[in-house]
């Protein structure tokens, strides 16, 4: 037998992943050599690294390169999502330092783990092989399990980690079973090959094994994007996880889940669209409704935003149900703006809450509006954006999502969506009610805003407002991104 | 002169603006009153000029329209701020400005020392302006401005003593009842406008244009609807059944107001309006009948109430209602000229009566005030024997009373008798004629009775006022008595311009100037009415004479009864009351009409409003809104508890989801 | 013969799997699980995948289960006397049962893709399973293979972060 | 490969048993073991398919799943240890600080 | 200046930027600057008025690309015609008054308050001038935000409930409208329409079923804003709790958004459906008139009473608009302006006494005329304007509405609505009487000061407008007339088509191509067909 010769591969598609992995490892090493309590510079380095990666990713815009025998691809779709992940990670890194210092768990491993998560997510977005996607998902998940339980002296954080882990692993079982069935039904794990195999089937929807494989995979991703009824981990984990990680989890992995889901459904299984859009219709309605309605009665603001994040997954699913250019571009746009507004909101929560995650209730926002007007205005913008009020990015995003549905004839879905949106306004307004319309019950000092957090807030505010007023350029990118898949 | 017609309403407007804006600063009553009076007097002069010019023209040229400025032009609809001068409006402006000037003058004396003197004159001027707009308007909408404007001024003036709750209530009642009428007016206007527009493409509310097109109108049908609606408007403004109850309450206002607004001018607006649109009304025999019946009924109904009232002004108020009934009776039987004629004479004698009563009250009030008595200055039971203290007032009052009672030779006789005659002789209402005449005659009898009752109780007999106060009673100053004298004179002789043909013939063919004057206005109406008038044998002159005599006798009977009861045998009223307590109570309480209205309309409305608010709006409408919110919140609670925190529950939910999804797709 | 063998192995695998979820003592569960893993390894052999069988024994039965048992010992978990939530067991079983029904029905109703690959049992036996796997792994599946390295690194770092006494 | 369905059915049964275990057991470690059982069922499916299809994609997938399982085991058990340190328990009944 | 509309709309935003640089403690400066900004805006808007050509076309058009992505093209497309002109002027006219009214009423958080006011102005103006449906929607929603804060922060006891109710209520409706908007766009896309420009959609022929659904969605959103019975309950709460300036703006301008929406969007876009639903909407409008009047009658809180009176007044507007003839729509438009002036004034009046006595219960007052004669006079004028006394503005609009509606198919509705005239007199005079007349027996009222110069200055422009619009409404009517004629023609022509065709006719069949032409683009070309439609038009 001849020797195994490692084939020459085009590394371009995974350059950002390689760069980030190397950076993460360097950071791990640096961490070892830096005394405890002086880990802040790791945050700065990671931020710069992330920014550099963003440039690297951006440079790949417009390219279309398959590599590693079809395991990954560099296309606009992946690039767009990678940008979202980097954005989420960048903002998270900025808001982490202050929080971690306060919670006395500023271990330097945090930043490499975040970077690894990003690597995982990037692989999910650019993977065109179920294996790659799965491994990317696992890299992301395993990192997230750790990140959720990162504040290991905090019972809530422990619990969040454990819950996330057990349920995540459970859902992985379904996902894998789905992949196995898909593999069995099509004979391949390559996304594009699946597409061609399924395309040649006379009646793909009659192929129960394929259908079941698809459904099980969908449940697996539904878990990641927190769609009902696979959403139940979300509030608990979001509440328990360290706040910056919650912010990260709500923006990054959700987007990654959507990236993979979009890739699989739209690239591999477009012929089954009738089937999966039917299921997603139900899931979308269920997700929006459960998320929004349950959020109405939440006092803990992290928990409230967790439910809201479920609801937002529902909105995004509306775009996926449509499955057309408008809807999917809407998802991309929405995920991007959601990263801005949600992380921004969590940044404010970090500033309002105290050590040990106290002051995490809506009531603790009382009086913020006139004591810290800038913070309150920022929070207001985030909340209005989340609520989908014009002229914010959230509105444009929702507009495109629902437009997609309407365009495809899913008018009732859009109607349910907007009604949900209206209901959701209540709990966003509630925060504003406390910020502006109630007096604080007790006097206490507000946390100082450090420079990185301020930077994160500025970016978030800009990211929530500007795409709302002049959304064209981002939408244009999103359109191009979904055109190729 | 015609071109300057716009000056007529302008002068009072100027007066209103001056007094309204600067009156408080001027403070000097003479100046304020002077301005107010002068302004309306200037209008009077202009009116005289117009009248003279009109007299100089041949009858067919006596119509003139003056467009001031376009007002509302939209789509088909077109209404200008424009005036119409014709014989009818000429009569009206003369009455309004003439009587108005006198009452203004009177007010200077009467309102002396009142807080808000300037306010009073401002309102009075504003009223005159509105009234003049009403009578001069060349289209229904300008008329409607005046129509509502006089309502507003009436409101303001009734509520002049706003600190009295009763005054406020009365003011509001007056306005609201007028509004009920306005509702009718508007609907009538709409109907007419719409009918002409949609059927003949004549989109107009202009009187002249409607007149020109009136031949297109059918008899009855839509015209009945429209005219009935207009008539509802007239009943509101002119205090006819069923909308009359506001007028007696309106006596809460100062007495000059009662004289001007609630006797001489505003309340006659309904009559005027029917006259103005006679060519429309006449096209509906049904409406004419209704008008006649309502007029007659009001005449008798109000007269009965008038017999039992003790408040001097209330008696006069009911008298006014009753006399307005006569006017409507006239209109209803197609005797438009007679109606307008009575309107005019009524303006003279009723204004005089009110002003006279004002003079009495003024004096009484003064006297009672001096001795710090809280007795009611308007209650006739406190008066008596005032003739010696106030001779001029007494004489003018007596003259007017005679006039209103229909004693031959005085103005009221001519007009009222004409009405009764027409009620009897009109060719439209068939068998109803006798009834109309009978009711009218009976009302005339009652009129004579209660008017003389008033005179006897007030001016005759011994003085029932507090002896100490008696010395303070004195005749009113000249500024008050001059208008009284002028009006008394007019009340006496005003009737001669409209001598019935019968009497005129007797005196060598003196023509009925008034009828000739108004002939061009009502000619068309008479022409139309010929269509359905039945041509029965005309009653003979002898019959007419005997009816005239009968009505005089009836009036004398009324006077006789009053004399018996209140001068000769003063126990009689008491006995009468004791014999028929229920009747007396009913009459004294105005047949409980107010209570009835409260019961039927006001209270249910309030209760319904309360129900709608607390019961429906809050519980049902808002309840649904909040209910939806609460249901959603309830679901929120339920969904929350599903989120139990236990991993196996979460896993269960996931597994359930998987099973359900798979199951659905596999087994479907 | 092969069918009988398959049946026996299946029986053992299923019984031991059931034991995993019924044993009260986690240690017993763990041992049952190891038994199941061995059965699976047997299957792999039957499926002409000896390398997979070896890895199965080494990684699962060896590494992972040792880790688990070690943890059980470390935490010295008391055996729960009774299962309080009987309705939970019932519901769980029902759901599991339906999962099974669903899966089996779908398997019965459907059929896998036609064989597409080049490898037959003879071929595997001739060339050697390990070599074939290795070849594939380092050529076609190079990227996933590399990703696993990151995954393991993450796992190491994560475990250290979470479980080390002082960091 | 004539016996594909046999393997698939066995793996389905194992998968179902694993699911039941996750839903019914209270000890987090046992739950994790049940998840491992599920993953193994999937592995069996993969291998069976792989053999049936005649290429090694499925088997290589299984290798990665094993790696993932190992990684998850490491992290998961670490999480359990951390949890145990704080709560002195590993029963999922005690994992309910956060709810509603 | 070609971009004077933009200038008017965004001047307040510039004002906000200016305010940001003023320290929050210098309240006087803040107030004066805001006043100056609103005044300048008003003056600038007057140049629009003077430059306005009296014709039916949209003017001052600015049309720039804005968003173009995917299937959507949104443009910054603004312009006004006679219909929106006056609403723009009304807005800029009311704003300085509203600002001036806050000088003493708002002592806390002045800066934020002023910022809210200015943002609100931009939102309102933007909504009136938008000719792009999407742009309109943006402004429509943006308006909510400052109003929400105004009610919620500076409101009364129950402010939070009122603010949230206001927000969510309006949001529900407008979101449904959003879906309809999107749907409409895609319908338009099929027909070759290239962007959200309103004018293009006028030429869009939709089948009846589509029209009905879309109309319902639009109508629902607008009905909430109007508010029409039974969607009105947010209004009394919002009004009662809002600060004076908030109530004034809410009544004067915000409510007009609903009726304006009908006139500008719901009716011309879906004329057939509008015709179909006219009886239903008229019924609701009439119920609203009577119902609100009855409820207003028994209110104990002056402000609530005025709020309910708003419901009644806007019922009139709706009735007029759905008469679909020039008179009715003109009346409706005028009534919008009138209501803006007179109800705005009423809320200011309530504000005055509230500032003095910190109560709005009618029973706490009585006999104020004695102590506050100027106030009494002004109150009375405004009351009568609200009642619709001829000579005041209220009458002209109401009359035109009624006569227009009477001419149309809504005759019986009009009769009932007219009786609302009586009820409005009842409740307004009753409250006036109870507040102003009677004995001044409450000792707390005996030292009340009459209006000061500033307060009189606030009221004078309104009083002037009350009489000006009542006595000489010609300039107002004339400028809006061509646009309204166009609208009426647009609605009428299509409706005839709807009558000719069976309702079930699907879109795109040749039957739909009958002569109607493009009603949105030009007046009907064939005079004969016009005549067939309404023979009375050719006068």
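Think of it as A, B, C, D and E in the order they're written, each chain with its own count starting at 1.
Assume contacts are C-beta pairs under 8 Å (C-beta built on N, C-alpha and C of every residue); 3 or more make two chains touch, one makes a residue touch a chain.
This one's a predicted model, so the numbers in the text were calculated from it and none came from an experiment.
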Tell me which chains count as touching both subunit C and subunit E.
A, B
Which chain is most remote from subunit E in terms of Cα centres?
C
Could you quickly compare B-D and C-D and let me know which has more C-beta contacts?
C-D
Centre-most chain, if every chain is reduced to its averaged C-alpha atoms:
E
With chain centres set to the mean of the C-alpha atoms, which chain is at the far end from subunit A?
B
Counting only Cα atoms for the centres, state how far subunit A is from subunit C in Å.
30
So how far apart, in whole Å, are subunit A and subunit B when each is placed at the average of its C-alpha atoms?
78
Length of the line joining the C-alpha centres of subunit B and subunit C, rounded to whole Å
102
Subunit B and subunit E, separation of their C-alpha mean positions in angstrom:
38
What parts of subunit C, by residue number, touch at least two of the other chains?
88, 91-92, 95-96, 99, 102-103, 106-107, 109, 112-113, 115-117, 140-141, 144, 148, 151, 154-155, 158, 160-162
Could you pull out the residues of subunit D that touch at least 2 other chains?
8, 15, 18-19, 22-24, 26, 28, 31-32, 49, 52-53, 55, 57, 60, 64, 68, 71-72, 75, 79-80, 82, 92, 95-99
Going by the touch rule set out above, which residues of subunit B reach two or more other chains?
640, 643, 645, 647-648, 651-652, 655-656, 658, 662, 666
Could you run through all the chain pairs that touch each other?
A-B, A-C, A-D, A-E, B-C, B-D, B-E, C-D
Show which residues of subunit E lie in contact with subunit B when the two form their complex.
165, 169, 229-230, 232-234, 291, 294-299, 325-327, 330-331, 367, 369-370, 373, 380, 384, 389-391, 395-396, 399-400, 402-404, 406-407, 411, 414-415, 418-419, 421-422, 425-426, 429-430, 433, 436-440, 471-474, 477-478, 481, 484-485, 488, 535-539
Residues of subunit E touching subunit A in their complex?
66-72, 109, 112, 137-138, 141-142, 144-145, 148-149, 152-153, 159-160, 163-164, 167-168, 171-172, 175-176, 178-179, 182-183, 185-186
Of all residues in subunit B, those that touch subunit A in their complex:
629, 632-633, 635-637, 639-640, 642-643, 645, 647, 649-651, 653-654, 656-658, 661-662, 665-666
Quick one: which bits of subunit A touch subunit E in the complex? Just the residue numbers, please.
325-326, 329, 369-370, 373, 384, 389-391, 395-396, 399-400, 402-403, 406-407, 411, 414-415, 418-419, 421-423, 425-426, 429-430, 432-433, 436-437, 470-472, 475-476, 478-479
Per the contact definition, I'd like the list of subunit D residues that touch subunit A in the complex.
8, 15, 18-19, 22, 28, 31-32, 35, 38-39, 41-42, 45-46, 49, 52-53, 55, 57-58, 60-61, 64-65, 68, 71-72, 75-76, 79-80, 82-83, 85-87, 92, 95-99
